[in-house]
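Common to both upcoming complexes is chain A, partnered first by chain B, then by chain C.
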Partner chain A sequence: MERNMPQAFLQHYQLFLTPLSPLHLGSGEDYEPTNYVIEDGALYAFDPSQAALTPLQRNELLETAKRGDIFAIQRYFKKHGSVFADCAHNVVGVSRALADNYQEKLGQVANRERSGNKVGNNFTIERTAINPHNHRPYIPGSAFKGCLRTAVLERLSDGNLSRERIDQRNAIRYESNLLGSFASDGLRLLKTADFMPQGLVATQIQYATQIQYATNHKKQKVVKDGQVVRAKGVTGRRETIQHGQYRAFVADCTLQQLLLAHKPHIKQPDKSLPRKPVQPKSLQQLALDANRYHILRFEAENKILADQELVDPAWLQHTRMLLAELMPQLNRGNIMLVRLGKHGGAESKTISGLAQTKTVWLAAQAAGETHGLLPFGWALIEIDPQSENNALQDWCRQNSSHLHDIQAIQSKLAGRKQAAAAKAAALRAEAEAAEQARIAEAQAEQAAAAQRAAELEAMNPTERLIADWEERLQQFDFDSRNDVANSAFFNQMKTAFEQAVKEFDDNSKQQIAAAFSFKKLEVIKRGFFVGKREKEIKAILRQLRGE
Partner chain B sequence: MQAYQLTLRPETAFGTPLVGDTLFGQICWGIVEQYGEALLESCLQGYTKGSPFLVVSDAFPKGYVPLPTLPSAYWQQGEETDRKKLKKRQWLPESALGEPSRRWQMKAKSSNDLVPELISRHSQPHNSLNRQTHTTGAGTGFAPYESEQIWYAAGHEWQIYLLLDEGRLNAAQLQQVLTNIGLSGYGRDASTGLGKFSIIALEKTALFEQRSGNAVFTLAASCPQGLGYDAAHSYYHTQTRFGRHGNIQATAGQPFKQPVLMAQTGAVFSGTPSGKHNVGQGITGISQSQPQAVQQGYAPALSFDLEQAN
Partner chain C sequence: MQLKKIDILEAKLVLQTGLHIGAGDSEIHIGGIDNSVIKHPVSGEPYIPGSSLKGKIRSLLEWKSGAVQEAPLGKKEYDSAKDEEQTAIKQILQLFGISGDTQSEDFQKEIGHTRVSFWDCALNKDYAERLRSDNLPFTEAKSENRINRIAGTAEHPRQTERVPAGAEFDFKLTIKQFDNDGEDLLKTLLKGLKLLELDSLGGSGSRGYGKVAFEALTLNGEDISADFDQTQPFAK
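Then we have the complex of A and B:
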């Protein structure tokens, strides 16, 4: 080989993902009532530290937090919802039922246990994985790869199920026999990227996610005493990436070919390199595996759901037509149908014939809904599309009416954020002005005190004593109930006057006695010089007058 | 050697930080894959004898270099006196390189000054499904796991300096190899989506030629041992690199290399011959399973005037 000739060892693909039904890929994080509020049919997620609270609101929050009552804290955030919504980093559409439920039940006690514990709804919502910097959802590459891996394994197993008892140990052996172990795994050569949302401006695509109830249903019809028994499964709240968003996510993917012509130093090539049959030749080959695996499951599951009248008939009809229209591309491996994330069902994560589950999770608008639901996790991935996909675009148009509300809310949030920024700036300006006024006042007080000190300094000792005590008498806040303060003040005054009796000359004493005649004292502090105090002060005044 | 400046934009989260020696290793594998092992062998001739064909720096925010590691007494004091705040100032704008070095700390910025949360680390939960039982984990029962991901601020550009001997590998070839790495992912968990980046530009830079002085500071981790630098006027933090093999060698036999003690990025060395744009040495003898494996102990280095008090 020519020394500098590039080798074709790397195939690169660009992938576009369009969700066909709601997707939920958890991030392990939840929305909790302390970091979201629901208003006008939308969930506003925020960072509480970013909110522009007035001093009053801040104190209220501190007081509520100090009490440690979780219901009070929930009510606080609901009460000041709009302040927090203004600083939201993300807005998510919410089904009407969930919004009503939030308004009714948040901060309320649902059950009082015999032990006295109050139990309420904690209103946590499972969140999809997000980019922590821009708070937009993404689809981890590991989820996509896991989905392909199952499909490849299905092809390799070719219906020959392991007849051994299935347990953890032989299951791992079974998988590594077919696909290879850690070192010799064929899918090591497939390198997928995370699916990232496309920019808003470039493609006119919204990243709306809507919270829906995940409801839990019996798959087969159960008839008891002539009545169809509906399953009473549990429900959960999930943030889901909404369907009907054309090419909402984009990712890169590379497939590597092993180059062994140069005979690398590998001790046991059989054990540490993927065998030829498990090395993917192209992504199209993997796409065919994925389609073979998923199309069957799509049909099988939706037939059951349609028979039970659980699934939304319009959605199912549109989606079946779409798949029929795209069948040539699906058969060529240019498009793949995949099932990603939570609630996809065990059948879509296992090779055929091994998983048989009795319930199915569906996306619903309300907890009690049993019609018009959607399955979780279906998506179409296009590999290096050369042009627009008209069929898919039409499908998105038909199935995107639910996105309009979210789009409107998102644009409203932009305006709201602007208004909030202005409000925060006004609050900041107000706080600054208050601070300036406080500083000015403090300065004025300081100047007055300095002036007063200078005046006192300029006086002779007698004048100073008179001026000082006139001022102190004026300032003293007499409260007949506060005996300690009253006594302390009276003792100070008595000490000062007694000192004057000893130290000052007769003339000065006369002046002091005239300035603080008992009549005057009575006027200045009414009710203070009574009883024992009256006697004592009169005695001192007599001494000052030289009587 | 010609200095190049590579500007890149991270496209996904990363598993391994973008550092020079790891990237150098991945470039070497990239050369083998793209152009064959013969080219890499000729490139690596003389690598351990002070003649590298390529020296790669760590990634820095665009327009910044790391603030050299110098004792705090060296810096001229500015308005900020809080030591903890000063310690966080780690990025020196390239425009400040022209000023006296004692003033650099005043000009330096912390990561938060550039972009809030320039680099953040988050946990990503995973579980692996058993295709036979549809349960998770290899042990008994439920065994999900978390792995840490490094997220670079969205849309922020990063740059890496590369010193390239164009006689051995030309810039177009280097760009091709880097493009491949960007597409297939850098570092840990590249096969499940981490470490993708796109290249914005690979262009020549005169940053290294413009500079002179009695000392240098490094732009990657380096091995200065036994090279005769002036110990009294050199300053650095050390770190131990527990290197691993990459690519097919990672799973063939022993994946671990011997640990190497290195001076961290931003190390200051005095007593270097002037006009040299890199410091350190090529390290070998670190692997039993691949004896010819090398480790980048070189680092691109910028000259500056270290004011020596005595």
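Then we have the complex of A and C:
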């Protein structure tokens, strides 16, 4: 190439990823029984603070939390599952056995230790990595790159591996000797993006079951009394990205070429530049490394799994056929077979001949299953495909019967949310109507008071005094025990009447005395005008009458 | 040399993958995130420093010029280059500046003032509001570890803070136009933005972080996203 030509120092690729088996790429976060519930075969994940609890439910939660019994708290969330499911931000398919197990065992004490400790299942589920905003899974570029790096290292170490010298303590030095370190690392020129989901991607909560390869280090099956002897280890709950989803993830990827034909001065070229042999020439070259590394492992591992009757035979047959059909493209480096994430097994993450595993983790629908299982982590990545990949599409069709209908589950959640929103709206409308009624009542009261005030205003002072005190006498709530209120009221009345005696003319006084004759007063407030009050009011009435 | 006008280039910068622009560790919280991202000291919202954008775009354009070296390009490289390469270097220097060579008066006259000034990009208001109303965090913690290729074991577990994919920032820069400046400066700058889309911004770009896209690009308020979409950074 001519020196002054602007050259493409960045080669850009588009990558499409199709999971061939369940993938679990941990995020370090778990679903816990306080932020998920399982209902009708689906897991609803929610933020408890977003739930619309009634005051009763809130109190119950507070009481339960105060007791500090983890099992009671778990039971609380299960009991009010639908309230929480209504505010879920995400919904995930669940294996039937796991859903049943949740319904049966959640909040139950499995074992009481001698010390009095209660032991039970904590029902945590390891979540696959998600984007926190849309809650959709993604595949970190770091996982993809790490997997390529192992494959490149395998090529570079081929032939010059002196096994005695390397062990896990000097692994890093060994790696950086071959591949470089930091600035001199050949793979720093590969810039991959995280693989983002195209539309909805189905995940499922299922079991990861650890199987020990009997007791035979050659991993051959041990048959005793016609039964395959098999030691089953622990199981865990995992959220996995489901296989059979055609081109579920997409990523951009750029490879940088170090175009330094102009030979600039570089102070420490050994430290700041990758050596020529470790600079990737193209992504296809890396794909070939990946395929050389992974196809061998796929075949070796699945042979053992098939011999031990662990792996799902239909899946294995389909996948073997698919790889055979895609072999030309795999050999050209247009498609790469990779193994990503947790439970891929140490042999798929180390240089050949170094790791010897005695156990394997397999994806299971039920905790006790030892047949029809699937290995974790296999995926195909297509580089810049020019058209649809029919073989892969067919494979996906054959291997998608397990797929929870993500659309159906999502629309179920949408339906729930809608119903919940409608309920909330109805409650709101009810509260609003009550508030409106209250306002109307207050307004009516106000209007009546205003009318009364206007009436009083229109009267002459005598009429006003009579009307005012008629009303006040009516309204006064007489209680013989409440002396303070009684004398206060009586004093007010006395003052008003004494003032009338002083200021009003004789005619008016007569009117007032007639309106409040002692007989009438006795009837209006029976028992009030007695004793001292009777004497005083009679005296005032006499003055009003002019006697 | 007369300043004719100042163009304003704006866009919505949307994260395609999580972004990590480190804040440096001024203090260490036990059990906290090891590598935090840079945040506004008052609002606590993450932002993208203009310097990160300027440095990355300049570096990419220098790689494209064919004259890249360890230090930023300057007078010496300009003087020794010819033809197209010289033009490319001149454009880079005019756009991004010649801080190292300001003593040479003639050279400064020839190149002129730094044309581009990048702004810090704040989180888009609507986006930030949306997160607040949904009670969502501004950042995510990505867990990583290293696999020992000999033993197959996971080592060095760590958490890196990132602004998650889908986050939106308000991108803005201004370009000063002097007497004899042509359209080509803007074109070069747009190629730089395009290169940034192909490459990555911030840390850990080689393992998936920092893929960005410029959306709704406007020049002085006028939509130029169609032009930008057709920009071919490696076309002649």
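To be clear about the criterion, the second predicted complex is superposed on the first by the 375 of 547 C-alpha atoms of A that agree within 3 Å, B and C clash if a C-alpha of one lies under 4 Å from a C-alpha of the other, contacts with A are read in each partner's own complex, and residues count from 1 in each chain.
Methods note: a contact is a pair of C-beta atoms (placed from the backbone, for glycine too) under 8 Å apart; a residue touches a chain by one contact, two chains touch by 3 or more.
Predicted, not measured: the structure shown is a model, and the values here were computed from it.
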Overlay on chain A: chain C relative to chain B, clash or fit: clash
Which of chain B and chain C A:L273 touches, first, second, both or neither: first
Touched partner set for A:M327, first chain B, second chain C, both or neither: neither
First (chain B), second (chain C), both or neither touched by A:A440: neither
Partner chain in contact with A:S49 - chain B first, chain C second, else both or neither: second
Contacts of A:A450 with chain B and chain C, given as first, second, both or neither: neither
Chain B versus chain C as contact partner of A:A183, first or second or both or neither: first
Partner chain in contact with A:A300 - chain B first, chain C second, else both or neither: neither
Interface residues of chain A shared between complexes with chain B and chain C: 3-7, 9-10, 12, 26-28, 129, 131-134, 140-142, 144-146, 149-150, 153, 166-168, 171-172, 174-175, 187-188, 190-194, 196, 251-252, 254, 256, 259, 262, 264-267, 272, 346, 349-351, 354-355
Contact footprint of chain A on chain B as seen in their complex: 11-13, 32-39, 117, 120, 122-126, 128-135, 137-140, 146, 151, 153-154, 173, 176, 180, 183-185, 189-194, 196, 248-249, 251-253, 289-290
Complex interface listing, chain C residues touching chain A: 16-18, 63-70, 82-85, 88, 131, 135-137, 140-144, 146-153, 159, 164-167, 195, 198-200, 204-209, 211, 233-234, 236
Of chain A, residues touching chain B in the complex: 1, 3-7, 9-10, 12, 26-28, 129, 131-134, 140-142, 144-146, 149-150, 153, 162, 166-168, 171-172, 174-175, 182-184, 187-188, 190-194, 196, 251-252, 254, 256, 258-259, 261-262, 264-269, 272-273, 346, 349-351, 354-355
Touching residues (chain side chain A, partner chain C) in the complex: 3-10, 12, 26-28, 47, 49-50, 129, 131-134, 138, 140-142, 144-146, 149-150, 153, 166-168, 171-172, 174-175, 187-194, 196, 251-252, 254, 256, 259-260, 262, 264-267, 272, 345-347, 349-351, 354-355, 357
